[in-house]
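Per-chain numbering from 1; labels A, B, C and D assigned in written order.
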């Protein structure tokens, strides 16, 4: 890591801790099984991000196991974890970071209710105030894309650029979510499964009432700007 | 807290402990995800209540994190937690406390089965003895109301005043529950999700048998007056 | 407890331990919420049984909290827990013990999938080998009965006497299970919810294949006589 | 164990540890209740395998409780656990090991969503990329077979021989899975329930989009050959 400035090294260490810890939230909310799913986080002030290793279980994910990558998706040599392969979704994460500079975190899961909507290629309609709050409208479907080149990343970016929703349901695959940092992307992954489940249950016994678009706009605006605590000053 | 009498200060401390601890029950029963949901409790003998801070995770909710509010929903200054924003549902809780003096606790969640009925704006029919016991009949739907003014609180009060049910499913939103204290309101939140789930499952494969209204009355009366242990003397 | 012989006192202590511990299994398998549900166990060699107190949470159920009752459902005075009310289902348990001498344990829950079948008053068909193993055929529906007299107990006994199934789904209420001891009755409560869930899921998307009655007989016979370890010698 | 060479004794000890520990994964992922389900692992370099005892709870499964069997399904005398009966599915496991030399682990569960497909005798269609990755196509149905002779083992082998899927749903019974070792078979058991659940949910509200067979082939090939970390050198 001699090529990284001391300030970047500090930032990398912080993102490693954060990304490692956030994987436990995927387990807590039942969004993943076995070694599936992954979280990544951009290193502020550098063209780098940190991501889960491929095929490693959730009990074995500490900060040193995370893998540091360039925005081309290449592992940075001679850093902790660099002897292992990064997540097989690394190219998709890298594509998002290269093309959406406002994004600081990306999450992918195969959470079951979201996957059910994805298998039908059906967007989740905005019929609950919680969906209006977090997603500002329906949760969209992305294209069918095969792993192994840029097509998943491109599908995510083309669907989410200019969209209020931080989540896309990739067709026949599952949800990818983005956020200003890894924590926000994990929150979106939790909320997309919660929305997918509640609307699935609602639809199972009839048709949910739609929410008026003006009410959706009002809810989204309030939640994004008023909810929660004031932001702490940036570190 | 110099303006509060010693007796009120003792009562506040007790309600802070109780409300903080009860949030763990929402997690235990799967009624909330991330920072969603909230519990509040009235301070006996004072025009005050204690409520969860806004947008704070369930792992970080100890007694000192709870926020003390007046019945107008204003944070009491210079008390523990008063530097943070209270739950974004504080106005709704305050409206209930102002208008229903018999209510000592209020709970709000987005529990998934209850939200499914709320999205369809369909009351949960009383087709199980456990629903007759706790709710004395069907669990009603409240109006669609946007956060930010008194309309949620008003919808809760207008629906539940004079009703046996301690729970209302606010349209396209989710359940609010009330009780003689915060613990009773949490119990109602647990029971409304349990009822919503069992009746959802029953309805998925056919039509449940109705229960005769006289039997509902008899069950409700017995459960409210005979079930459980005799009340301990008030503290 | 001076009226009880030393041998009976030893037996009571053992059943208290067993019944207290078994309540944790109801929680582990998600069969109960809040203070609902109850386990009882007959005291071998005496006309007594041990049961959960009414309306007490599952975190507070140690051996001393269990309540010793006669087969008439009366609390034995001056024994641990005798200052509290026993489960509101005590009369039903007592009726079963009085009328089915081979029964050593009774369990009641409101487990959600079983309650869904109970609300429709529809028996669970025997379409999985696990159901043939444990229940020897379909899981039957009992009558609608109101709490407060012998009618629940009578409905259980009339449905299960001479039936292979150790579980009955009381109409619009929920499952009651029996066994040679409390542990066997708890196992039946776990298995009835498992059966109710798997068959619910199967039926949601079509019609399960029936199992030939001769195969059901063969599975039931083998499981009751060959499965598991040889019985330890009686204590 | 004097008849076993020191090298085999070391291998047996390692497989006992592995098989005992893997049973906890069945509990973690909700694939089993009470004493149901079982894991076995072949002992490399010997005609032996290790399996769960019959009817013993998951809290009591340490390495010494596992039972060593020959490939005829007979317990090896005078070894730890040999005084107890092995899993009632031992004959089926033994049949698989005798007839599929490439198989090093076998798992059986009654996981609920997989059992639902099994009760309808309906294969799980390959409509999610995760199913293409792990199963390379649909998850097949095996014949209806009664416990007690070779018919379950024969049904497993006839269905899975030459099939990409490591899982078969035995009709009206439940899933059996195989793998190069016990860990791989447990992974397949986890993934078959995950697939069964997601496709169940998808089908509940409509028809999932099919995935093009060429894309399935490409996904399967990549996942089997690229995903995860390079294999460590054999011990």
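Convention: a residue touches a chain if its C-beta (ideal position, glycine included) is under 8 Å from a C-beta of that chain, and two chains touch if they have at least 3 such contacts.
None of these values were measured; they are calculated from a predicted model.
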Chain located farthest away, centre of subunit C as origin (C-alpha): A
Same vs different contact residues, subunit B with subunit C, by half of numbers used: different
Inter-centroid spacing, subunit D versus subunit B (mean Cα positions, whole Å): 46
Gap in Å, rounded to a whole number, between the CA centres of subunit B and subunit A: 32
Multi-partner residues of subunit B (at least 2 other chains): 204
Chain contact graph, described as a line, ring, star, complete graph or other shape: ring
Touching pairs - complete list by chain label: A-B, A-D, B-C, C-D
Subunit C partner contacts - residues on subunit D that touch it in the complex: 33-36, 53-56, 84-85, 88, 110, 112-113, 115-122, 144, 146-148, 171-174, 200, 203-204
Contact footprint of subunit A on subunit D as seen in their complex: 29, 127-130, 187, 190-191, 194, 197-199, 201-202, 204-209, 211, 215, 218-219, 222, 226-230
